[in-house]
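Both complexes below contain chain A, partnered by chain B and then by chain C.
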Partner chain A sequence: MTQSKAKQKKFIVLIGLLVILTVITFIISLNLGVVRIAPLDVFKTLLGMGTARDQLVLVDFRLPRMILSLLIGAGLAVSGAILQGVTKNDLADPGILGINSGAGFMVILFIYFFQGSMNSVTTFGIFLMPLFALVGAVIAAFLIYLLAWKKGIDPVRLILVGIGVNSGFGAAIVIFQLKMNPQDFMQAAVWLSGDIWGANWKFVAILAPLILLLLPLALYKAHTLNIMNLGDQVATGLGIRVEKERRLLLLVAVALAGFSVAAGGGIAFLGLVAPHISKRLIGPKHQLFLPITAVLGSFLLLLADTIGKNLLAPTQIPVGIVVAIFSAPYFIILLMKAK
Partner chain B sequence: MNGNAHQREGNSLELHKNKLKTSIKGTFVLIVGSILILISMGLSIAYGAADIKLGTVWEAVSHFNPELTSHQIIQEIRMPRAISAVLVGALLAVSGAVMQGLTRNPLASPSIMGVTDGAAFALVITLAFFPTATMLGLTFSSFIGAGLGVILVFTIGAFSKGGLTPVKLALAGVAVGSMLSAYSSAIALHTQVAKDMSFWYAGGLTTTTWGSVKILLIAGGFGLLLALYISRSITILSLGEEVSKGLGQNTLLVKSLGVIVVLILTGAAVSVAGAIGFIGLVIPHITRFMIGSDYRWIIPISAVFGGLLLVLADIAARMVNAPFETPVGAITAIIGVPFFLYLARGERRGL
Partner chain C sequence: MVSLSTENLQIGYGDKTIVENLNLQINKGEITTIIGANGCGKSTILKTLARVHSAKSGIIYLDGKMIHKVPTKEIARKMAVLPQSPEAPNCLTVYELISFGRSPHQSGFGRLTDNDRKVIDWALEVTGLTSFSAHPVDALSGGQRQRAWIAMALAQETDLLLLDEPTTYLDMAHQLEILQLLEKLNREQSRTIVMVIHDLNHASRFSHHMVALRNGTIVKEGTADEVMTPDVLKTVFQIDAEIVKDPRTKKPVCLCYDLIEKEQSLDKRRVMNF
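On to the complex of A and B.
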């Protein structure tokens, strides 16, 4: 009992710390950029008393992008956490498994056939894009599940099949990408490596409710995830309908990944690294572990986006590349430690 | 006693027969494969935006007339392209075969081992910081980059718990690949060489010249000879490290030579044609299926099949969406991905 109380305390402290870190990053990120705005002016502008220029930069450009980073970060991190729990595989991640590239493929198809160009996405298109991304993510997940199925799902086979499906979608993407005009090609390439684009309030308005609905649903299933970690037989013994729950949880994870891709492109490794770090911080109990993962994911992605925007300014390094530069080595160390 | 000797004699006779069978089959496959390559090369040269008949192709080779445009197109553009396709395919396939033999890992192949991303990384650095680099300099840098990729992946495998299992190899390749390509993209975006890189990533043979053919011939010739030289040792090594040591082989030497072969072959292929995946994965498996596990045969036949596959893929790349070219790497991926999935699903078969 005392132990669990200590855990609770640690949880509150951790969440508090992470939120503070996120807020600090948020404020710094608001200040930085091609146009620097002093903290006081930021404050004034947010209260609606700033200059028109500051208003434009902050409210129309920076804020929606940063809010999107927070949403996508949480979405991908929780998606990875669920995937790792459901497949009992510590190396699962929507990027590595090919779910992101499935979603990316559908988005590219959508832009190619219905929008003509990356820059002329209509308002109606913005509404449809998450839907297409979701369909792509579900198709990819379904393919992986189907192809990896052989009297059950073996975690190793699942990962290998995922890598294969990933490169398949990658090739298909390249074919359509090269059919676009050169400017769109580059834009699509940057987006596919993970870049928060189309950052405007409409996009936020569509994605926020979707992701913010799915996150509590994942938390609601935390108990189920805990029990599923004990193995299928124990879970069945404890009255969990394993296969049904697994599919539902997979769907939640896939949807989170799909929506995140619609706004942020193919950001890989975040769904792998965030759950890992948070598991080391708080342990495997999902009620505590999932919220920490979500906040950590938000923090990491916002931090990565801030670094990408400012480190080599005026060059903007896509956030997915920043994430990969920092987390691929982490992944390699994990890989070397895993049996 | 007597019967035993009899049996042994019978066994050795059986073995001898088998060997003979393999030799006949191997020679047959090699000859048929080479003929098919010649035909496909002819088709590859004849097919294109300017309509050229097969007969003209032959004329351009036998009685070259510099005043005819068609002959010039053939000599200057299409012939180097067709020859490069064959050579690149052959080099990649042999490189994959050697990797699979050395690591006893069915998924080993240049595109999975971080080789291509390593080469791309080195190319970006060269383009970004030495914009005046010559073709030779670029080739050399892609050699070094390819080496970097392989060494990283191998090191991760060697230092990880439980050794280099197929899934570890694949994941290490993914991780090293995405790390290096992240660095490349960041540098490319910052120094504005991104456009130069974009096509290269897709892999293609459009920019091949007689210069590329020369690089491929020199590097490929040397690499192939070395591969053939160690082919017997690779066969033994592919039976297992212990067996190889027990038979008195210097496994370290064989492995080192093998890695050099892989570096030379992949480096040359990648520097000419960019990232063309899956040939090094698919071809050695098909060859092994046809001819068995003797690398003295696997290596030359892989070379022939690899060359054939890439010429055909290159023709397909030009036909699918004519007059635009589809990246040939996408075509090989379409063939290779189902194959990869099949291997990933399969039980661990020996090599």
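On to the complex of A and C.
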């Protein structure tokens, strides 16, 4: 009992620490960018007393982008956490299972076929591409589930099929990319590596309720995830309807990843790395593990976006690439430690 | 007390039928062991009884009701299941593992009540794990780990316990320790126990009722004295066994045995050599 209380305390400390780190990053990120705005001016602008230029940069460009990265970060991280729990495989994440590449494939199709004829400045145009991404994510998930189904879903089979679907979509993406004109190719490449390109308030208005609705749903299933971690047989013995719960949880994970990818492009690694770190921090109990994962995901993506935005300014590095650059060494260190 | 029986059960994987026309009656308050060679369908039967695997045809009755019509959570309050060598996630503590046994009695969130804690403490005590409650399951020894899993099943507070090879991978002393724990639970709390077990002498010593299987059908069932005979063992395992009485427990034990087929082929080789 004392031990679980200690864990509870550690949880509160960790959440507090992560929130503080996120807030600090948020403030720094508000100041930094191609246009630097002093902290006092930021404050003034947020209160509606800034110059028109500051107003434009901060409120119309910077703020929605930052809020978007917080939402996407949490969405991808929790999606990865659920997928890892459901498949009982620490390597599962939306990227590896082909959900990202399914979305990517549809986006490539969109750019390839419609880009020239579509005026992307219209509201319709702005939302069409993420819609395509979402459809792609759902198609990929459906395909994986269908192909992995054999009188129920075997977690290992699910992963293997996911990897297969992933490479299939990956190959299809390359085929279409090679036929593109240079400008479309650039746009496709940036999208695929993950970039919070759709930074405007309309996106925030759509994504925020969706993500903020799905996260509590995931948390509500924390106890079920704990038990499913014991394996299908034990979970069944404990009265869990494993197949039904797995389907529901996969749906939540795919929805989270789909919405996130639709707004943020193919950000890889975050769904893998955030649950990993948070499991090391707090352990496998999902009631504690999921919230930490969500906040950590938000923090990491905001940090990555801030770095990507400023490191080579005025050139922006897509956020997905920054995440990958920092995640790869983390995993190598982890592997070396694990022997 | 809860009863368990099957009627014309047919089980298989894909097109392959493994068990045919199984009519099994598990007696209340007794320890029943299922014995048989590898691949004879012991574990498959146990998994089907545990509703982990679904039967091709036939009916399983739990407490007089057809099992596939009862909500799985309700079943979990009557019957606990322990699969062969289960695995706990890293860093999960013994206490947390055992607390999962309470989930059939809980609503969605898994919040523990005072009664839940009492049951968990009791399960820790009865399995001798009280001082290990804060230890991670993966840091325990094999015997302790198996006891932790049994404690989880006990925390389910079910009349029926199904165990698939609960003593595998344990040394002689720890095997006995687990079986004596089960015997004690059966005697003191009249829990009905069904288990698959490989060690015939253990099966004989600890069970009231033994079921011997060959190719998915029951060859012989009854008390240890009825089942542990050279004839039955010959049919079930193709062995030539020497059965004697255990001087301490007065139960039949298999003192030594030879393979029937192999012996013949050896004889042939001898003939050829000379």
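In the analysis below, the second predicted complex is superposed on the first by the 281 of 339 C-alpha atoms of A that agree within 3 Å, B and C clash if a C-alpha of one lies under 4 Å from a C-alpha of the other, contacts with A are read in each partner's own complex, and residues count from 1 in each chain.
Simple rule for what comes next: contacts are C-beta pairs under 8 Å (C-beta built on N, C-alpha and C of every residue); 3 or more make two chains touch, one makes a residue touch a chain.
Everything quoted here is computed from the prediction, not taken from an experiment.
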Quick one: classify A:230 as touching chain B (first), chain C (second), both or neither. second
May I ask you to decide whether A:269 touches chain B, chain C, both, or neither, giving the answer as first, second, both or neither? first
Touch test for A:36: chain B only (first), chain C only (second), both, or neither? neither
What's your read, chain B or chain C touching more residues of chain A? B
Of the two partner chains, chain B (first) and chain C (second), which one does A:5 touch, if any: first, second, both, or neither? neither
Does chain B (first) or chain C (second) touch A:284, or do both, or does neither? second
Touched partner set for A:193, first chain B, second chain C, both or neither: first
Could you please specify the touching residues of chain A with respect to chain C in the complex? 1-4, 220, 222-224, 226-227, 229-234, 236-241, 279, 283-285, 287
Flag every residue of chain C that touches chain A in the complex, lowest number first. 47, 50-52, 72-77, 79-83, 86-93, 95-97, 100-101, 103-104, 106, 108-110, 117, 133-134, 153, 156, 162
Enumerate the contact residues on chain A facing chain B in the complex. 91, 96, 147-148, 150, 156-157, 159-161, 163-165, 167-168, 170-172, 174-175, 178-179, 182, 185-186, 189-190, 193, 268-269, 312, 315-318, 320-322, 324-325, 328-329, 331-332, 335-339
Can you check the complex and tell me which residues of chain B touch chain A? 107, 156, 159-162, 166-168, 170-172, 174-176, 178-179, 181-183, 185-186, 189-190, 194-195, 198, 202, 277, 321, 324, 326-327, 329-330, 333-334, 336-337, 340-341, 344-345
